[in-house]
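There's a structure below that I have some questions on.
Chain lettering (A, B, C and D) follows the sequence in which the chains are written, and residue indices restart at 1 in each chain.
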Amino acid sequence: MDAGEFHSVVGVFACQVHWGDCDPAGIIFYPTYFRWMDAACWSFMESAGYGAKRMRAEHRAMPLVSAECRFLAPAEHGDRCEVRSRIARFGGKSFVVAHQIVRSDGTPLAEGAETRVWGRYADGPGTPMRGETIPEAVKALFRAR
Amino acid sequence: MDAGEFHSVVGVFACQVHWGDCDPAGIIFYPTYFRWMDAACWSFMESAGYGAKRMRAEHRAMPLVSAECRFLAPAEHGDRCEVRSRIARFGGKSFVVAHQIVRSDGTPLAEGAETRVWGRYADGPGTPMRGETIPEAVKALFRAR
Amino acid sequence: MDAGEFHSVVGVFACQVHWGDCDPAGIIFYPTYFRWMDAACWSFMESAGYGAKRMRAEHRAMPLVSAECRFLAPAEHGDRCEVRSRIARFGGKSFVVAHQIVRSDGTPLAEGAETRVWGRYADGPGTPMRGETIPEAVKALFRAR
Amino acid sequence: MDAGEFHSVVGVFACQVHWGDCDPAGIIFYPTYFRWMDAACWSFMESAGYGAKRMRAEHRAMPLVSAECRFLAPAEHGDRCEVRSRIARFGGKSFVVAHQIVRSDGTPLAEGAETRVWGRYADGPGTPMRGETIPEAVKALFRAR
């Protein structure tokens, strides 16, 4: 079991605030940030060698235990952003991904985290999912040198 | 092959324009209508005896061939609407669902159609899907008396 | 300023898990819960006399400070749910809405909270927004008797 | 009035199929294509000199008259795509944007079109919108040389 924070590599996911991501107040509709964090998490996995195809082939998914976000500044239509993701913590079968969302001018827009289970379908998609102990080899993929 | 229009029962799907369904112009973001039409189609199937559970159990889905919509009047946050769906046409393996979207004050907001395949996964979700000839018994579920 | 929890009325927002709300794992895509919580918050406001029209007329919005959710059980396509919302706390210019998401069979699916500002556009939509002190008359609308 | 097709420049909008863009069948949920076409249209405008900031400053929007899409091949989670957009036709106050959606391996996934009005808010966002005659100078921005 890990004590303290994991020293993680950082993934970068580029995104942009689209017209339909905004609400009548003219700013980003907040669930968009969670859509971005989810996509950023998959992208982060891919950068470590666990792309969508491999995840599918191994019948893996990463169901959520919890998610949270603090909103620091409003984003507007057209803003180019990036989500910077890192592993904040590896537990036995779960892990925490911390995300920073930053606009291209350097303004921090939001800070969030997802707690996820390292999961596998018992018998392919659509069948029940179980958490599995995260192998050291998987953790090593995310360890910064 | 069908000649002319199918005399269909009509399904009704209630929905509402939520804050996040609108864009910075303060009106509904148009892909929302397609989300509604999809949900209305599933609801229409359910009303005819093909609910989500049965569709899953029979490994069915209804992949799209095409979709279209004309937008007649802008909808605003809070508007209560309904989607009125009917089968416009049954083909051999495909069918056309026509949707009218009407606000609670009677104003027509949009008119659309989806062309879908009556499909089945070869071997459960995630495996390839094939169209199947639509049985007369299924067509009968939607025939108005 | 409030000490402790606010004794709040409860709002109920009905919703359903649509096909497009689910992911390839066959369960709800988690940002859907945040979309629901946002819509439930607006519905809760409406039940207290602050509907979308009045909010617009008074140039109000409710920008987010933070949002969080714990996911307790997976929801599937077709599940009928409700979001039960209450004010957990009124601060000076901000307030916390607590949401419970429950399936029609009584299963708790998720528990979340949104911290929001009681805001007003300086000069109509599209112009900057400022927080305002929440009037006692507004708080009274949500107080359980 | 235009006779025949407009000889248009082509805009390219890069996108990717995210986990939450897919449905329980494991393929893209079709309204995602319309979200992409909308974002691609705004990106196309930006490439011609009409970015989000300028559109806002001039109180412009591009409300839809209609939208349609044919789906040619299923896209899966992780697929990298691009939307290739061109003006198919300029009318008096309206225009048609044709979109081709192509996967990175060259497979055409979908073909769609949006008919939009060249519109302006009477008095800023939230106020009614009127169509305006599209100036020759605007048309010239999209003419291929």
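Heads up, the rule we're going with is that contacts are C-beta pairs under 8 Å (C-beta built on N, C-alpha and C of every residue); 3 or more make two chains touch, one makes a residue touch a chain.
The model shown is predicted, which means the values in this text are computed figures rather than measured ones.
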item: Which listed pair, B-C, B-D or C-D, duplicates the contacts of A-C in over half of its pairs; value: B-D
item: Of A-B and A-D, pair with higher C-beta contact tally; value: A-D
item: Distance from chain D to chain B - Cα centre to Cα centre, in angstrom; value: 24
item: Whole-Å gap separating chain A and chain B, where each centre is the average of the chain's CA atoms; value: 33
item: Whole-Å gap between the CA centroids of chain A and chain D; value: 29
item: Interface hub residues of chain B, defined as touching at least two other chains; value: 19-20, 24-26, 29, 31, 35, 38, 56, 77, 125-126
item: In the complex, chain B residues that touch chain C; value: 16, 18-20, 24, 26, 35, 38-39, 42, 46, 51-53, 56, 76-78, 125-126
item: Chain A partner contacts - residues on chain B that touch it in the complex; value: 19-20, 22-26, 29, 31, 56, 77, 124-126
item: Residues of chain C touching chain A in the complex; value: 24-27, 29-32, 34-35, 38, 56, 61, 63-71, 74, 121, 125-126, 129
